[in-house]
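Following this line, the structures themselves.
Here come two complexes built around subunit A, the first alongside subunit B, the second alongside subunit C.
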Partner chain A sequence: MPPREGIYGLLAEFNTPSELVHATEMAHREGYRRMECYTPYPVEEAAEALRFHKTRVPLMCLLGGLAGLTTGFLLETWINVWGYPLNLRAMPLFSWPAFVIPEYEMTILFAGLSTAFGMIAQNGLPQLYHPLFNAPNFASGATSDKFFLCLESHDPRFDRAQTRQFLEQFSPVSVVEVDH
Partner chain B sequence: MEMAHEHHGGNLQRPEVARYQGVNTLPAVLTAPDAVGVWRVRAAIVAVVFALISLVFLFVPLGREHLLRAYLMGYMTCFNFCGGALAFLMVQYVSGGKWGDILRRPLEAMTRTIWALVVMLLPILFLMKHLYQWAAFPNKAATLQAFKQGLMTQEQQLTANSKHTMLNPTAAVVQAAIVLGFMALVITLLNRWSVQRDQDSDAGTLASYDRWRIRFENLSGPSILVYVVMMTAFVIVFVKSLDVTWYSSVYGLQFLVAQGYAVLALGMLTLILLSRYEPIKTMFRVTELHDLGKLTFAFVMLNIYLTFAEFLIIWSGNVPDEIPWYLHRIHGGWWMICTLDVVCHWLIPFCILLSRDFKRSKHKMIWLCVFMLFARLVDMFWLIEPNFKDAASNLHIRGNVGILAYVTVPVAVVAVWMVIYLTELMKRPLINVNDPHTEELLEPEHAH
Partner chain C sequence: MATQGPIPEIVDPMIDPRTGEYAVIAPGHTFKSVTQKIAGIVLTANTPWAWVGGLFLAATIATGVVIAVTWLVLKGVGIWGITIPGAWGFAIINFVWWIGIGHAGTLISAILLLFKQTWRNSINRFAEAMTIFAVVCAGMFPLLHIGRPWLGYWLLPYPNSMNVWPQFRSPLAWDVFAVSTYATISVVFWYIGMIPDLGTLRDRATMPLAKYVYGMLSLGWRGSTRHWIRYESASLLLAGLSTPLVLSVHTTISFDFAVAAMAGWHTTIFPPYFVAGAVYSGFAMVLTLAIPIRKFYHLEDLVTLRHLDNMAKVMLATGSIVAYGYGMEVFMSWYSASHWEFFMMWNRMFGPMGWAYWILILTNIAIPLTTLWSRKLRVNVAYLFVLSFIVNIGMWFERFVIVVTTLYRDYLPSSWGTYRATKWDYMLFIGTWGLFTMLFLLFARLAPMIPMSEIRMMLPQTKIRPGGADAEVVVQEAL
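Now for the complex of A and B:
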C-alpha cells in the first residue's frame, strides 16, 4: 500500500506523446518503476516504455469465447437431439450446419462480456478517488490535449529534489507535486 | 558540440539522449534494391522447371484435359492478384491511410501485369470448347444433339439454352474484352498519374496534395463500383459456368474477397522481404504491418462468412437445382479437400491472426503470407476440378495421374506472373514522395 502521508508523486506535463514516451523510457532506464502515463487517447508506445506487463484480458476473451462456443454447441445439440427432437425436412436431428449461427452468436456474446468484465476487474474499477485529480492541470488536460508522466513517491528511487531535477531535463510544460 | 558538453557536463546527465530525436529522413535512393532482380531470376527458374515437368502431362491419361483446367486455375490466381491489386489501389485512394501509401507501389506493379493477363487469356479463349459445355455446344441444335448422345443431361441442355445470351463463345470474348479493357484503362490512368504526381512542380504543397487527391478519388470512387460488376461477370463466365446448371448470387463477391485475401498476403510478403533493404527498411514500420495484419484478419473472416453463409442457405433450401454443386464437392473423396480448404483458408489464419504479437512480427508474418497463398490454391482447386464429369464426387488418382497437373501448372503460371510483377516493381521508386502520408511514415511510431 502506498504511504498516505507526504506526496503521491511528481507529475510532469508534456505537449506531445513523443516527449512523454521519451521521458518515460529515460525514467525506466534511470531505474524508476512505480510510474504511470496518462494520455487523452491510447499511446501504445507509452505502454511499451512503461514495460507494461501483458494483461490477462486477451486470455479472458479467448476463454469466454471458447466457453460460449461450447455452450452454444451443447445447447443446440441437446435441444435438437434430446430436448425437443423435431423432424424438419427429414434432416438428421444432429444437423451441425444449422448450429453454427447460434454457436457463433454465443461465442461473440461470451467473449464480449468476459472481456468487458475482465477488463473492469483488472483495472481496479470502480475507483472513487484518485490523488492525481488534486493537480489542477491534470483535471483539465488529461482528457483533452496533454500528456502526463507521474513518478510515484513510493518508488525506492524517488527523491523529491532529484526526481524533480530529473524530470525537468526533458523540458516539460510543468512539474507539480501531487498531494494525497 | 564539445564546448556545449563542457558547459553543461556537471548539471545534465547524458545530454545526448535527453534530446528528443526527430523524424527519420527519407532514404536517398528510393528505387528497388538489387535483391528484386535476384528474386526475379529465381521465379524464372521455378517457372521453367515447373513448365518442363508439366509437359509430362501431355502424354498421360486425361493429362491434356487437366493441363487446361490447371492452366485456368493458375490464370485465375494471377487474375486475382491483378484485379485485387486494382481494387485495393482504388480503395486506398478513396480511404487514405498510411497502409495504402506504403503498399501503393507494390499494388501498382501488380496492376501493371494486366497486359500479360490479356495475353495469358488467349489459350483459354482458343481452347474454350475443351473446358466449357456452352462453348462445345454453342447453340440449341448442338445442345439437343449433345443431350441425345448423352454428353449433356437434360438439365444441362435446358439451362445452357436459357443462359445462352451470356454464355456463348462470342459473348465470352466480348465480355473478356470489355472487362480487361476497362481494367487496363483505369490501371493505365492510375499508374500514369502516380508518376506525374511525383514530378509535379508544386510537389509538397497543400495545393498539389489536394489536386491529386481529388483527381484520384474522382476516378477511383466510381471505378470501384464498375470494377465489382465487371469482375463478377468475368468470374461467372470463366469459372462458375464450368457448371452450367448452378446459380449463385454471391459468387462475384466471394471472388472479390478472395482477391483481397491474396493481394494482402502477397503485398505484405513483398513489403516484409523488401524491408531487409533500403528504402523500405526505413519506411515500413511495425504500425503499418500491424494495420495490414488486422485488415487481413477482416478478409479471412469475411471470406468464411460469405462461403459458409452460401453453403448454409443452399443446405437449408435443399433444392435439387443447387445442392448437387456441393455434393460434387463433398462426396467421393472431396470431403478431404473441402476440410483442408476450411482449415487452411480460414481456421489456421484466423487463429494465428488473433495474436497481436504475431501480427507485429515480420519474421512470423512471412510464413503466414506464404501459407495463405497456398490456401488460395487449395480453394481454387476445390472450386474448379469438381465441375468436370470425371471428377465430380470422385476424387481419384489411380488411372488419373493427369490430376497432378494441378500441382505443377499453377506454380509455373504464377511464377511467370511473378517475373512480370517483379520486373514492374523494379521500374519505379518504391515510395510515392508527393503524398502527405509519406512524411507521416517517417515519424516515429508513437506519433499518432
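Now for the complex of A and C:
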C-alpha cells in the first residue's frame, strides 16, 4: 500500500506527446523513478523515457500455449487409447496425426486466454478506483487528447514545492496535486 | 497497398498529392475531433429514428429464428428438407457461409495488423463485431443439426455417467474444437481491443448508467504507459495467434468434406480454396456493412474511399484464388480419370441442379472478377454495395453446389434423390439475417465501432519531436 497521508503525486498536463516525452526523459535524468505517463494512445517513446522495456506478456502466452498443447495431446491420447477405445475402420487407436487439429486449437485457446487475462492481471486491472481519477482534468483528457506525467509522492526525491517547480519548467498546461 | 494508375487531375482534398492515393483519414482531424466524432455516435441522447426502425425490422425478421427453432425442437430435424441421400442441407450450407463471412473480420484485425496495414484501423472494430455475430449465426446450425440440441454438450470431452467420450479421429469432433476456440478468441480479441475506448466512453458519458456500465467494462483503464506497452504486446500476440487460427478454422471445416470419400469433396485443394472463399465473402460482407454505416453516421472522413478500394482489391485477389479453385476442380475431375469424379462434375454443371452452378459462376467469377480491375468501379460506392450482395449470393451458392450436388446423386443410382429445402429451412436462414443485423445495430449504437485509440495513432500529431516542441509546431510540420 502506498502511504495514505499527503498526496498521491503531482500531475502535469501536456498538449503534445513530444512535450510529455521530453519532460519524462528529464524527470528520469533528474533521478525520479516513481512516475508514470498517461496517454490516449500507446506512446512508445514515453515507455523508453520511463526505461520500461520488458513485459512478461509473451511469457504468459508461451506458457499458456504449452499448457494447451499438453492438455490437448494428453486428453485425446487418454480418451482414444485408454478411456474409450473404439476400433473404427481399423484406424490405429493412437492416431496422432488426427489429434493434431484439436491439439492445435487447444494450444491457441489456452495461449490466447492466458495472454489476454495475463495482460489484464499484470496491469493490475480491474481497478475501478485510482487516485488519478480525483484529478479534475485527468478524466476529460487522458482518454481523449491530453498527455499526462505523474510524479508520485512515494519517490524519495519527491518534494511538493521542488517537484512542482521542476515540472513547471516544461511549460505544462497545468500541474495539479492528486489526492489519494 | 499502392494504387497504381494515373493520378486523377481533379484536386480532391481526399487525395494525397504525393502518392495520388485516397487518404486513410481526411486531413484536419485532431485527437479531440476523432474522439468526439466516434464517441458522439454512442453517447448521443438522440437515437436516430432510422436506427430504431432498422432494429425493429431486424428483430421482426429474427423472430423467424425463434419460431423455426421452437418448431424444430418440438418436431425434430424432419421438418427440414434433409433426407437420404441429401443428409446435409441448408444447415451445413448456412454454417459454412456464415462462418466464412466471419473470417474477414479476423483477417482484418489480425493478419493486416501483423502486416502493419494501418489503413485497417478504421474498419477493424466493426469487422471484428461482424465476425462474432456471424459466428453466433453459424454456430447455431450444426448445433440444431445434431437433432437434439439440448444434448449438444455431449460433443465436449467431459467425464460422464455413460462412460462415453468423443472420437478424435473424426473431422466433426475437430469442428467442435475449431469453432468454439474461434468464437472464444474472437470475443476476447474484440473485447481487449475495446478496453481503452470503453475508458474514453466512461470519461465522456454524462448519463450515470452509461458511466457505470462503461466504467465496469473498461476495468478502470487509465491509459498508463506501462499498461499500454503490455496491452500492445498482448494485441500483437493475439493477432499472431488469430492468424493461424482463422486459417485452421476454415481448413477444418473443409476437412468435414475433404476427409469423406465422396466425389467432389475428396480433394486436397479444399483447405486453401475454402479459406480464400471465406475471406472473399467476408470482405463482401464488410462492404455491405461499411457502406451504409459510413453514409448514415457520416464517417466518410474515417472510412474513406481508400478503404473501399483496398477491400475491393482483397476481394479481387481472393476471388481469383476461388476461381482457380473452381478451375482445378473441373480439371482434376477430368484428369483423375475417375468415372465418379467425371460424372459428379457433369452432374454439377448440366444435371437437374446445374442452374445453381451457373449462378455461382456468374455471381462469383463473371461479374466481380471482370469489373474489379477498374479503379473507377472500385471507388464507386453504389457499385461496390451492389457487388457485395452479388458476391455473397455467389458464395452461398458455392456451398449449396458443394453440399447438394455431391450428395443427391451418389455412387448408387438406385438411391439417387433430390434436395428441396422446406419453409422451415428458409425461415431459419432468413431469420439469421435478421439476428445478425439486429446484433450489429445494437453494437453500432452501444459500443465504439471505430477504434479511437488506433485512429489517434494514425494522426500526424503523434510525431515525437526531440526537445518537446509544442502543439503548433508539430501541427504546422505535419501540414
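Convention: the second predicted complex is superposed on the first by the 173 of 180 C-alpha atoms of A that agree within 3 Å, B and C clash if a C-alpha of one lies under 4 Å from a C-alpha of the other, contacts with A are read in each partner's own complex, and residues count from 1 in each chain.
Criterion: contacts are C-beta pairs under 8 Å (C-beta built on N, C-alpha and C of every residue); 3 or more make two chains touch, one makes a residue touch a chain.
This structure is a prediction, so every number in the text was calculated from the model and none was measured.
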Simultaneous placement of subunit C and subunit B on subunit A, clash or fit: clash
Which superposed partner A:Thr143 touches (first subunit B, second subunit C, both, neither): second
Contacts of A:Glu13 with subunit B and subunit C, given as first, second, both or neither: neither
Touched partner set for A:Glu152, first subunit B, second subunit C, both or neither: neither
First (subunit B), second (subunit C), both or neither touched by A:Gln169: first
Touched partner set for A:Glu105, first subunit B, second subunit C, both or neither: second
Of subunit C and subunit B, partner touching more subunit A residues: C
Clash-bearing segment of subunit B, relative to subunit C, as chosen among 91-99, 325-333 or 415-423: 91-99
Set of subunit A residues, in rising order, touched by both subunit B and subunit C: 16-19, 21-22, 41, 43-46, 58, 91, 98, 101, 170
Residue numbers on subunit B that touch subunit A, as the complex places them: 12-13, 17-18, 20, 308, 311-312, 315-316, 318, 354, 356, 444-448
In the complex with subunit C, residue positions of subunit A that touch it: 15-23, 36-47, 50, 52, 55, 57-58, 61, 75-76, 79-80, 83-84, 86, 88, 91, 95, 98-99, 101-102, 104-106, 108-109, 111-113, 115-116, 118-120, 122-123, 125-130, 132-133, 138-140, 142-145, 170-171
Subunit A to subunit B touching residues, read off their complex: 16-19, 21-22, 26, 41, 43-46, 58, 62, 89, 91, 97-98, 100-101, 166, 169-170
Subunit A contact footprint on subunit C (complex, rising order): 30-32, 35, 157, 163-169, 173-174, 177-178, 181, 184-185, 188-189, 192, 196, 199-200, 202-204, 215-216, 219-234, 237-238, 241-242, 244-245, 248, 252, 255, 452-454, 456-457, 461-471, 474
